[in-house]
Every structure is written in C-alpha cells, then in structure tokens.
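Each of the next two complexes has subunit A plus one other chain: subunit B in the first, subunit C in the second.
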Partner chain A sequence: MTALKFLARRLLATVATLFAVSVVLFAASEVLPGDAASASLGPDATLEEVEQRRAELGVDRPWAVRFAEWAAGVVRLDLGTSTSMHQPVVDIVAEPLAATGLLVGLTAAVTVPLAMGIGLLTGLRPGGRVDRVVSAVAVVSVSIPQFVTAGLLVLVFADLIPLLPAISLPPLGGGPLDRPEILVLPVAALTLFGAAWASRIVRAAVIDADAMPHVEAARLAGLPERVVVFRHLLPAAVPPCAQTFAWLLSGLFGGTTVVEVVFNYPGLSQTLVAAVRNHDTAVLEGVGLLLAAIIVVSFVLADLVVMAVEPRLRVAAR
Partner chain B sequence: MASMAHGQEFNRRSLLRFGLFAGVTAVGAPLLAACGDDEPSQTGGGSPSLAVLKVGAPNAVTDAEAGNPLATSIGATLIVMRHVYDSLMVLDNGEYKYQLAESVEPNADATEWTITLRSGVTFHDGKPVTADDVVHSLRTLGAKPSNRVSVYGNVDLAKLSAVDARTVKVPLLTPRGDFKESVLVVFSPIFPAGMTEFSKPIGSGPYKLAERNGTTTRLVANEQYWGGKPTVAELQVVGILDAGARLSALKAGQIDYAVSISSTGAKTETTNSELVVVRGGPANSNALSFAMNQKLAPFNDVRVRKAVRLAVDRQALVENALLGLGSPADDVVGKTLPGYADLPARTRDLEQAKRLFAEAGITKLTLRTGELVPGMLNASRLMAQQLKEAGVELTLDEISPDAYYADLAALATFPFQAFYYVNRPAAVHLSAVTHGKAPFNVTGTSPAYQARLAAAQATADDKARADAFKALQQEFYDEGGDLLWGFQEQLDASRKGISGVRTMQSVQLFDQATGPA
Partner chain C sequence: MRVVRWVVTVVAAAVVLVVLGVALVGPLFAGEPERIVGLPYSLPSAGSPLGTDSSGRDVLARVLAGGQPLVAVPVVATILATVLGLVLGLLGGYFAGVTDAVVSRLDYLLLGLPPVLILLVLLHGWGYSAATMIIVVVLTGTPFVSRITRAETLRAVEDGYVVAAYASGDSHLSVIVREILPNIIRPVLADFGTRLAIAVTLTAAAGFLGFGSSGPNWGAMISQNVEGIQLTPWAVAVPAVLLGVLTVAANLGIDRIVGRVLR
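After this line comes the complex of A and B, so read on.
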C-alpha cells in the first residue's frame, strides 16, 4: 500500500470518527441535567423565564436539527457561538488550547526520551538490579492518582522547599512562557506518570526486539553493543513505541485536566468544566472535536512513523 | 477528577447561593443592627497600608467579564464588581446602609419611592454621578441580559424618571414597603448613563480596573474615592478554581488572601502560624436544611413536621458534618441578621418526637439528598441514625449534585429533601423562597400564608412591617417545613497580619485592609 493511499483511507476514517464523536458529544450534552437556558438565567428565574429563554436560544428545537446546523458550521470552520459567554467558540478556545498544547508539548519532549532511556536501561537487562529498582518505582508512580502526585509535588517544591510556585499564574499581559517556572511542576506531574507508564511498554518492546533473529545475528557477528542497539534493536522496537507515544500524547491532551485544576493552569480543562456546567453545547462540542482531532491525527502520525521504519525492518530481518 | 470533589461551590449551587441573595420580593425589619460576630476582622489600629494585595477566589465560570454587573454570580468576578461600583444601598455589618443614595423615601402608600443621591461623587472618568446614571443603571439591571431581572420585577421601569440631577422617582407596580431591603440592598450597582458594554467597566467605587487576563484582574486605588482613600494601592483578584489550589497558593505566598477554603483545609491549617483562618460566622453562611413539603404526605400532617424537628440532634450534626465550623440553626433563616425574630433554640426531645410519630403512624421516611455542599451527605446519614432512635427508618435517596436541580419544577414534588439556602435577612428569605411562585419553595407554603406575606410586604410602616414579618417567622418556626439545622460558615484564609477585610453581603471587601508591619 502506498503512503498516499494509506493517507486517503485514514483521512476518510478520521472524518467518520470525528463525526461519530460529535454525535456522541451532542447526545451527551442533551442528557446532562438542566440546559443552557436554566444555566444562563440562574436559579431565581421563574419557569416562564426559563421557557422563554429556551425559545430565544433555540434549545427547544429537536436536537437533530440543532446538530445539523452545528455540523454545517463546522464544515465552514465555524464552531458556533457560546451561549454563556456570547463569543465565538474559536476565540474562547484558542488561548486555552495553546496553553494546554504547550503543556503537552513540553511533557512529550521530556517524557519520550526519558521513557526510551528507561525502557532501554531496563529492557536490555530484564531482571537485573537496575530493572528491579526502576520497575518498582515505575509501578508505584503509575498507580498513584495524578492529583496525589501533583499535590505531593506542591508540598515538596512549593511548601517545604519553596523553589517553585504552587500554582501556575501567567503574568498579566503575558502567557505561560513569560514565566517559565510556572510550567515546571505541571510538566513534572504529567511526566512522572507518563514516563513511568511509557517506559514499561518500551521495556517490553526492547525485550521482544532483543529476542529477534536479526538482533541475535548482529550480536553473533561481533558488532559492538552500541551498533547492535541503535542499528538493529531500536528500529525493531520503534513500531510499538510509536503507538505508545501516540497514546501518550492523546492521553495527555485529555488527561491534563487534573493537573490543570491542581495548578490552576489556564488550559482547556477550565473551559471544558465551564462548558459542562453552563450547558454550553457549542463550546463543549468545539473542545471535544478539537481533542478528538488531535488524538486521531497523533495516531495517523504514529502509523506514518511505523510505515517509515517497516521497510528497513523487513530488510534487516532477511 | 477526584480533586474536583471539593469544587462544589462553583457549579449551579454557587449560583443558588448568590443568586438567591438577589431575592425577588422581600421585607426586612427596620434598620436594626444584628449582633456583631459576623465580621471576620476589624481594621487594625495603626497597621501599615499595603502596596499590593493579592486575593485568590473561585472563578465564576459563567462570568466571562470580571466587572460586568449584568452577569456576576460568585467569587472573583463578584469581588471585582463590588470594588469597581458603588451601590445605592448595602447591607453592611448587619445594618442596611446608604451608599450612593443619601435618602430613599416612600410616598404615603409605598407605591412610589424617591431616591436622593449623595452629592459630590464622581465616576472613575471624572464625571459626576447623577440621577440619569441611576435611571440608566436600574433600567439596565432590570432588563435582559441582566441576571438580576427578578429583583426589579416590581419596579415600573418604563416610568422611572430623573426629577433633577440628584433625585430619582421610582414607581412600583404594587405597593411595597420593603423596597429598600428587597431591591436596593439586594442589587443596585450604579454605572454611567449610556454604558451598555462592560469590557472596560467604569464605576464610582474605591478601585479602578487597570488590567486583566483570563485569571487575574488588577485594580488600582481610586485616590479620589468619596468614601475614603483605600489603604491597598493595588488589588489583584486571581481566579482559582480549586479550593485546594487556593490554599496552596496562599501557603506558597503567591496570594495573600484565599476566599473560600474547605473545612478540612481549615482544620489542617489551624496549627499553621503563618496563616489565619477567617470564619464568616452565621451572618456569612449557608443555612442547611432538610426541607419537608407541607403539601405532600406525610408532611401535610403538622405532627410529623414537628416530630422530625424534635428528633434531630443539631449540635451533633454541626460537629460531625460541618467539622464544628458552623453553628446550630433553629428552623428559620436569618439568624444574626436584621429582622430576625429571636426565636428560641430548638432542643432535642426524643420522647415527644416518638409520641408524635406514633400518633401520626410514621415508621418510615425517605430523604432525597446529595452532596450539594460539603457535609450534606454525612449530615443526612447522621440524621438517619438520629431518626432511628426516634423509631423511624430513614431511607436515603442519593442524587448526584449535578442532577439535583435539573428539573426546577420537580423540586416542589419531593416530600423530603436536603437543601440549602444563603443565610440572609429572614424577611428577605421568606419572601424570596417561601412565596407561591418561587422555584425554591420546597416547603409548600399555603395560599393563606402567601396572602399574609403579601400584606406584610405592602406595609409601609417600618415597625408594623417588622412585626408582621416576625409573626410570619414565628408561624414558620411553629408549623413550617424547614428543618434548618446548621449554619455552614464561609471559611477564608489569609496571610498572618492582614486585617481590615470586611465581608459585605457575602463578598469580601479589601479597600480598608492593612498588612503586617
């Protein structure tokens, strides 16, 4: 299969997936108790006011109609207008998305090499002392809930040893990059979990690759260990690792919520929480669709990486 | 999501808390001071003024613009709003006080009120505050998209008029002796005539808006403020969603004052010498209730309502469910606030409760409950044990907090449910919550009661109106449907040495705060 054909098929699948996700999101916001009308009026509104507001907002119409309208907007790259904030969803989402993107990007930049390193270190000598110690640490940090990890980091690095800010406040008139120290603890909290989890999978992939005939052959041929690892073993471990990191990236985008809340980081989670509480379907859908798109695209990228590596794999295996 | 669990105060319930404050119809007693433990701290004599004070407060997720008086509900944006604008009247330290108004007087039958403005007050742009500004402000507040429309429901907005530069006539649709307490005190911020857009708010308050981003609003002192120059030169109001994050920001020195911390947080920090936990007292609290609907069986039998009220141990509920950070309540909202009828404290009487339950033939009850505010579920469980001692099996029907208020119309169809109100003047509460049309009338008051309520509201004479409201409170105390068991205090925390923070109508004011030497 050529890359082009592959891409075309994946693109179709992507559109179908995003459509399905939109339907589910729309349906989910339908079954949430209350609606945009009662949320925007507040609880001292009378029932008549709520009904009138429902008509104004158009939420009294069938949801299929509203979905069709919304979907038509999306095709024109118009995500609609927020009912609670009276602004285009694109404007509302842009800054938080960039902030969360920064957090995820930095976390990935730290986590990927770290997980590869740990995975190699433990996978090349499975059962060794290093492996046992590192594996134990990894298992523990994967199993601790993220809000506990984040809380412990605050306790240690902001409270006991006041090195870093406890919450991430960007300066007025600036973004997170204008005060980079506010990124350290959130990235650390995300990395602790991500690196521990991903390194387990890298480790397994390294063990599998290590057992492959061409790696064994390379060793028997007397090639230096460095050459064996980087030329022969690592490429074989790339496909599972690429998938893992695609998972990690998409997981990070959806999974920064806890960390963003603990550090009051100005990312997507607050936007999402607000949208759920205000029954702001447009914002909810917009954020949901963006997250879904990011996830799908990261998997497509992972597949491309795998495709790029595979021919070499086949050659090497012969 | 576990860390969101104590974020309860930001959802619809917080809207309830503050939205209800904007009561519809109300009467207060005459201007009468309540007992004074509702002030967290008083201005420290001789303490130095502060260059910068940073305040962390919950974000109000519905309020995109800090300082928009048409859409503020809680937390950070409400604090900004209260510092930028002056109101015509306020409830301050248990007293109804004039702020921008100099006097507010009714005609003989209380169908038209005349507001006279304080002279010499200017807006932040230097223009004087005039009657035209008041007319514009009240009309804007009383119409959509304002979320306080209901406060002005009884005002004839079309006929509102400026008589001269300092005088405004306010005609009402029906006579209301309680206009000041139920309208002006509840919500009356004044902004310049013609202001319809609030991204660059202008008020006459002690602070001017200087700068803001998504989380932080920077306010600078209005040096010309008529009410006295603020002691804090720059106030930064930081929106922090999570109560735990507010506390850690305070401990790390990123903020000086944390609005609203959890009761467990308050317990933990009592030994921390760097911090001071600021308790709001009953005046700044949620009033927690188990509401019985008098219209529905079995609570249409007054014996059952009395028996339930006698069977519970309120002190135990406060100690356990509120970790002691509150005080027992006696079935009527408004304790320590103006107009409270000074009702006797309820005491547990198991024998009488048993007898009344037996007479009414009650052995089983079901309570609709959920963790609307922290501690409510524990209180419900404890009440089940207490009722068991009175021979009644209580089944708990647990509802998720997000679903609790989903269907407003259905609220009146549940016989017995855990509920909470904001503690505010009893008369305001009775009017806003117990009248026939109120969505939160979950105790099912009778048409006869509502007729008496309307008569009391229309009474022009302050003394007679206060008496009428006291009689209504007595009636509610004797035979009403709330088992109001506790006041859950507003809990804040501040850096040691900060004083002079006032709480006015559940909003913290920092203009007279002073810092450590």
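After this line comes the complex of A and C, so read on.
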C-alpha cells in the first residue's frame, strides 16, 4: 500500500516536472526573438511575405493558445510538424532516438560494471597506491571535454594505429548495428568520461559503507572478505550508486550530442543541431521534451531501486 | 620524493601558464587567421609551421587567435553563477518554507535539463553572443552552487554561534553575512574550479557544434578539421591538447590555490 502511494506521488511529481519543463522549453524557443517564418523564407523576404507565412504557420496567434494546442498534441503523442522538413516531428525523431539510445545503452552496459569495479578497487583501500594512480587518471579524464577525448581517440586509433573508422556512418539504408565497429570509438569516448566520474562516487559510497557497524561486525565475525564485500558492503552502497547511475544516464542522453558530432553518428545530435540552424522550433521542442522525459523517468527508476534494497527508506517514504 | 613532487608542480604550472598565455596574448601575434595560405590540410612547412586546416588557413595563426573566447567568457560567467548560487542557496537554507521550496524547485527543474539542450535552445532563440553564452553557463551552473550552499547553510544554522548571534538581536542580514557565509564559503570555492572547467567545456562545445562567433575557436577547430585527421593531425591535435590542459588545470589548480589562500 505504501509502495503504491509512493509510486502515485512520484508519478504526479513526474507529470508536474514535465509540464514545467515543457512550459520553459516552449517559452524559451517561441517567445524569444526570431521565428520559423522569417527563417524559412530567408533574408530576402518582404514584410508582407513574412506576415503571410506567419499566418500560414499559425505563429501570429497568442502564445498561450499555441502552447495549449501543442500540449494537447503531446498528450496524444503528437509532437507537431517540422517547419523545415514538413514531416511529423515524431517520424523525424524516431530513428535518431533509437540510434542515440543504442549508443547510450552500450555505454551504460560498459560503464556501470567498470565504475563499480574501479569504485570497489579504490574504495576498499583508500589512499593506497592503486587509489592514488586511479584518482589522478579519473580527475584528468573528467576534466577534458568529451569532444576533445573523442578527437584524441580518433587521432590514436584511426590515424596513428589505423584500427577503427574515424567516421561512424552506418551503410546506406542500414543501421549502426550493420557495422558494429563504428560504435567502438564513440562508446569509448563516452565511457572514459562516465566511468571516471561515476567511479569517484561509487568509491565514496564504498568508503562510507565500509565504516557501517554491520559490515565491521561481519568482518570481526571472521567471514571471508568476498562474503563481507558482496553480501554486506555492496547492498549498503547501492542507494547512492543507483542515484549516480541515474545521473549518468541523464548526462549521457545530453552528452552524446557532441560526441556524435565528432563521429558524424546519425543520432539525435544532427537532428538537434539542424533544428537550431533551420530555426525549426517544433523539432527542438519535441526532442527537448523527449530528453527531459527520459531523464525524469530514469530518476524515478533509481528511486525504485533504492526502495527495493533499502527497507528503511520504504518506511520513510510513507 | 619531495623534490620529485616539487618538479612536477613547477612543470605543471609552467605548462598551464603557457596555455593561458597563448589564449590571452596569442591574438596579438596571430596575424591574419582568416587568410588562405595554401591547399587544405597541407603538412607543416616554413610558411605555416603547423600546416593548414580544412580551408587552407594557417593552423598556428588560428591556434593563437582561438583561445581567448574560451577563457574570457567562462571566467565572467562562472563568477556570476557562483555569486547567484550563493545568494539563492543562502536564502533557501536560511529562510525555510516557501523561499526554500521555490529555490529547490527551480534548482531541480534546471538540473533535469541537459546543459547541451539549454545551450541549443538559447542559441536557437538569441543566436550566438558572449551574453548568450554567459546566460547558458549561469543557468547550468547556478543550481549546483545553490544546492551546495543550501546544504551547508542548513548545517550551519544549527550551530551554536549562529543561534547565539540571532538570539542577541542581530538582523537576518548580519547573521547571514557575518556568521554563516564565512563558514560555508570553502566548499563553494572548492567547487569553483569544477564550475569553470564545465563552463570552458560548454563554451568550447558551442564553437565545436558550429555556433561560435565567426572567428577562430579551439573547439570549432576540432570539429572543422577532424575529417582531415589522416592528412594532417596537427589541426586537431594542437587545439585538443591546449583545450584539455586548460580544463584539467581549471579543475585541479583552482581548488589547490583556493585551499592555500583560505587555510
């Protein structure tokens, strides 16, 4: 019952957040100067032409009315029509979203175990030699912009040692999985950042969990180290780790953009950047709302994981 | 051991100073970075010591000219974001209730949006300018500073000296500025380096995605020249290394300097 109540409350908060995000997105992209009408006609258009185009596109009406229409469409899973490509936004976004999702999924599949492993390795012996070396590498790896890391990876693995393609274009009419080798460098660039960042937080969580009374008791009882770590220490470290990986997922969905551009990967980046160039407000709003929804849902999932492993929080959620 | 550490520190500081020097003073020596001096992706020669880029322009001139926007805008924006975050976090942590609820909701709303998306939406609306970039950095950085400040303030208001100051009749403003602020400033300043590194990254990313000002920019150079990497790596490698040193230095160095000064 309490779990249901908790879920209902979270669901309500999720909807409220997404509503707020859509208001902000809509306001930022529609109320700000410059609009699709003048952008789609080019600089030579006369004032009358622009006015006529504005009426055609319906952007001459009050923005509250247009927001209501847009929001009503979103509820029916209709994100409107692209002004530059004259296609439903849903159709334009579907394939790039799947491609980006593939990139994010693969990166998470590599990053999560890697970050857990590194976090355990360094957190169980804080201040040791391994910890100091790994920490230094992690700080450097986190500090460098991802597109710089990506550029350097291309330099090493496509130029100096020509092992992998420098450009991640799938074959004509096919998807990224038809040429899996194009995924290696983008995933590596994203993992270098993600694993370094997430392992720092896992490390802190492991250090905290290591100091808990029941872990100490298990150790004093003479249980083998493997049992202490996997049965007693790790479950205590799961809540902060779950939050961290939710952050990671949201960071990845926003952060693949620049990496995708380095490799020319056919993901959401090209859709987003093209939308800004062509002043295609409908596409920008649609992609923005999708990204926000994915992020909010990943946080709810992290909360559910935390609730599942941490009985005390289940009580607190009442 | 001590000598080794000293040497490492001196070398690191020298490298950082060189990069900062290139970024800030470089434009004076750049000559004409837009002039076409040869074929695209030429190898280094006497006329162009680092070769040419995708349009046949001198890579060295563009490197010298392209660092300034990545230092000036992020520094101003990060200072603004830190000050604004401090004020909001102090207000939220000190005055509980409605103020806190408003600040927290705003933080969560902004934290939920990917920085690159905020960047693209504002570029869509306003086009690229230093002001747009500063606002993007403030919007993405302020909620983090505000959250740190709020958490530290919540802890500080419970402390005895704050309660005592308030009980002795000091005004809210005086308690916040004289008692709480000095006790919470350290973690906020420690965070400054990270904020600055992220600001440099975002500013470089705008150029990289093709939205920088029309002039040269280390971020833009990487994306413009990555296709020619097999012909000449310098047009990508040099700006990439410089940009990497700049962000690593911001992340590592500033914490250390701030730590020294405040100790």
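Just so it is clear, the second predicted complex is superposed on the first by the 307 of 318 C-alpha atoms of A that agree within 3 Å, B and C clash if a C-alpha of one lies under 4 Å from a C-alpha of the other, contacts with A are read in each partner's own complex, and residues count from 1 in each chain.
Heads up, the rule we're going with is that contacts are C-beta pairs under 8 Å (C-beta built on N, C-alpha and C of every residue); 3 or more make two chains touch, one makes a residue touch a chain.
This one's a predicted model, so the numbers in the text were calculated from it and none came from an experiment.
Considered on the superposed subunit A, subunit B and subunit C are sterically incompatible, since they clash. By the document's definition of touching, of the two partners only subunit B reaches A:95; subunit C does not. Look at A:77: by the touch rule set out above, it reaches neither subunit B nor subunit C. When the two structures are aligned on the shared chain, A:28 is found in touch with subunit C, with no touch to subunit B.
By the touch criterion defined above, A:165 reaches subunit B but does not reach subunit C. By the touch criterion defined above, A:274 reaches subunit B but does not reach subunit C. Legend: residue contacts after superposition of the two complexes on their common chain; A:220 is shown touching neither subunit B nor subunit C. Within the superposed three-chain model, A:85 lies in touch with subunit B and out of touch with subunit C [touch as defined at top].
Once the two complexes are laid over each other on the shared chain, residue contacts for A:144 go to subunit C alone; subunit B is not touched.
Judged by the touch definition given at the top, the superposed model places A:4 against neither subunit B nor subunit C.
Taking the listed stretches 80-88, 314-322, 386-394 or 476-484 of subunit B in turn, the superposition on chain A shows a clash with subunit C for 314-322 alone. On subunit A, the surface patch touched by subunit B in one complex and by subunit C in the other comprises residues 32-34, 145, 147, 151, 154, 158-159, 166-167, 257-258, 261-262, 273, 277.
Put simply, subunit A touches subunit C in their complex at residues 17, 20-21, 24-25, 28-29, 31-34, 139-140, 142-145, 147-148, 151-152, 154-155, 158-160, 166-167, 250-251, 253-255, 257-258, 261-262, 272-273, 275-277, 279, 281, 284, 287-288, 291-292, 295-296, 299. Note for the complex: subunit C touches subunit A at residues 108-109, 112-117, 120-127, 197, 200-201, 204-205, 208-211, 219, 222-223, 226-227, 229-230, 233, 236-237, 240-241, 243-244, 247-248, 250-252. Looking at the complex, you find that subunit A touches subunit B at residues 32-34, 38-47, 49-50, 84-87, 95-96, 145, 147, 150-151, 154, 158-159, 162, 165-167, 169-170, 172-174, 257-258, 261-264, 266, 270, 273-274, 277-278.
Across the complex, subunit A is touched by residues 1-4, 7, 10-12, 15-16, 19-20, 22-24, 59, 61-62, 64, 73, 147, 149-150, 211-216, 218, 238-242, 244-245, 248-249, 251-254, 402-403, 405-409, 432, 437-440 of subunit B.
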